[in-house]
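Structure incoming, see below.
As written, the chain order gives the labels A, B and C, with residue 1 at the start of each chain.
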Amino acid sequence: MMRVAWLIVRKDLTVEVRSREIAYTTLFFAVSCVLVFAFALVRDGRAPEDGAAGILWIAVMLAGNLTLGRTFERERQSETLRALLLGPAPRAAVYVGKLLGILALLIGAEVALVPLVALLFQARLLAHPLWLSAILVSGTVGFAAVGTLFAAMLVRARSRDVLLPVLLYPMTVPVIIAGVRGTAALMQPDLEVGVVQFWLALLLCFDAVFVTLALWTFEAVMTD
Amino acid sequence: MSQRANTSPDLDCDFDRVAVEDVSRHFGRRRAVSHVSFLGSSGTIVGLLGPNGAGKSTLLALLATILRASSGAIRYGAIESKDAPAALRERIGVLGHDLFLYPELTARENLVFFAGLYGNDNADGAARAALDRAGLADRADDPVSSFSRGMRQRVALERALIHGPRLLLLDEPFTGLDETSAAALIGRLRGLRDSGAIVILATHDLDLAEGLLDQAVFLRDGRRVETVSHPEGLRSTYRSIVFGASQP
Amino acid sequence: MPKWFLPLALVCGLMFAASPLVIASADYESTMGLVQKIFYYHMPSAWMFLISAIVCGVSSVRFLVTGDHRHDRTALAAAELTVLFGLITLVTGPLWARRAWGTFWVWDARTTSSLVSWMISWAYLILRRYGGPGSENLAAGLAIFGTANVAFIYVSVNYWRTIHPATTVVPKLPFSMGFPLWFCVAAFTLLFVLLLKLRVRVEEQQARVDELYLSLDDFGR
């Protein structure tokens, strides 16, 4: 199964490298988001306390929503998602393949976003890079795990563009709380490791539970 | 077909016949397929003929295991589709209306990907052979989006066949093909039939299907109206069977 | 309708009619006085909110595993009741809070996580309404995810709250688990069961009509 998942990831990366459509649009959208927040929230050249953490995560989630939509919209043209499901590999392999591709895109966007947010909001985001990476990656995994399943589910549904955020955002509330609070804790002048560890543990639990759930339910949810 | 994917013998779900037994499928209140039965054996070409909305595409989707039947059963040899393991899908090839090709990838890349998906260890070799058969070796490294409809159809057909399936399902394969391509497709299907495959195709194009079909299943409003073996004079047979009731 | 429906419906109606009297007879709570009495509706509806959500989740699992549409109908009915009882809870709660503590909304752990879970059940209904054909399976997946998420939502909101204490602290009220409370719980439970049965029956009738409609086809052969 991992072999097939890996094939799908490579295929998606090839397609993406050819057109670079999703990468560019995601990145650009995320940056515009951050700018909008800057205009909305920065007063007298000063950013709100702790605002940077929230802004970073909101930008990631909004951009992530777009990425998920676009990735599966691509599969919808030419019905290639169907072709993937027709293969002899367990259908969950399609889920894993798509998840890894989306993760790669989102984490790539975050790599660009973190310095930008740190710069614009004078935030000490890069003070503890290892902890920050851990929180960002585990939070993104949680968001993408739920998002990939929902986006795949909705490929054949009507009103799919609007339904994805409606389903996804309430479901990923724990991710945004843990992500923002964890990131904000990292920006405090004196780091309380316990707090950061708690949020990280919560995110990792979330990831474990929901990736497992998604693997279990993917086939049942995708068959008609 | 000589290329076979690598499967261990106990997972090999090969079969010599596919039996559709009293299959129905409805979507809410709309009955797409209603109590249809027919049999396709190894080495035959079965045609599903009927007007739009007759249920041909739905029936093909049911045969491809994409849809589940609301009632009735589809048997692949001894295996029933409900209990079918994932390995059964290795024996089924589908050429859908939407071709299932990634437009941004080249023909070669598409074929290599799908060969790999079906467990072929020598994906590059399989892709090369397929491109030769399709006569597209010189355009192998051009993105599929630059191909004409006929060329895309040829690649799609090779994609459907790359894993050497026993059952080949084609949905309107002659759409948009010029005479040469259509003739080539017909030749290909005949070759497949002679090597023991079961070919089931849905088509509107009665002239092209003429002389190709070993069995013709006529559908109307989801129901099987009649099955004719070795049909001749398809057009008039079609008219009389499908529209016969409405004629005075 | 099963034989027990009508008598139980009568009993339920009578209980609700009698409930103001029962509640009025309960002891006055010392700090909040009359306003506290809304609790006798708020608490049972919160419990029914939780129970409906659980029923929805369990039915969704059974539906995905067996494919039997009865479970799907139960899940749909339970989701609607989750939204209904959630609404009652989320309205009575702030009304009480306003009178008792001065503000409508406190970002209390329980209230906030209830709100999020309530939104998930709304999302379920929106998906079923606007998702087009085949959305039963999708909604079942959503329900399962939502149920699994309850613990995570609560923990994350709870911890989020404790590091930012509210300006008005929500006190833990010493409730005497007296007769009025159990009376109302019984009434609400009865209401839940009746509404669930009624709603499932509507869906069953709908399914039967669809089936009859489909079988009309067979007579034309």
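Criterion: a residue touches a chain if its C-beta (ideal position, glycine included) is under 8 Å from a C-beta of that chain, and two chains touch if they have at least 3 such contacts.
All figures in this text were calculated on a predicted structure; none of them were measured in a lab.
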Closest chain to the centre of mass proxy, which here is the mean CA position: A
Pair joined by the larger number of C-beta contacts - A-C, B-C: A-C
Distance from the mean Cα position of subunit B to that of subunit A, given in whole angstrom: 38
Intercentroid distance (Cα basis), subunit C paired with subunit A, Å: 31
Centroid spacing, where centroids are CA-atom means, of subunit B and subunit C in whole angstrom: 49
Residue numbers of subunit A (touch at least two other chains): 223-224
Subunit C-touching residues of subunit A, taken from the complex the two chains share: 146, 149-150, 153-154, 156-159, 162-163, 166-167, 170-171, 173-174, 177-178, 181, 195, 198-199, 202, 205-206, 209-210, 213, 217, 220-224
Footprint of subunit B on subunit A - complex, ascending: 4, 7, 11, 14-15, 18-19, 77-80, 82-91, 223-224
Sites on subunit B touched by subunit A in the complex: 5, 64-68, 86-90, 92, 94, 96, 98-105, 109, 113-114, 116-119, 143, 159
Touching residues (chain side subunit C, partner subunit A) in the complex: 64-65, 116, 119-120, 123, 126-127, 130-132, 134-135, 137-138, 140-142, 144-146, 148-149, 152-153, 155-157, 159-160, 163
Of all residues in subunit C, those that touch subunit B in their complex: 133, 210, 213-214, 217-218, 221
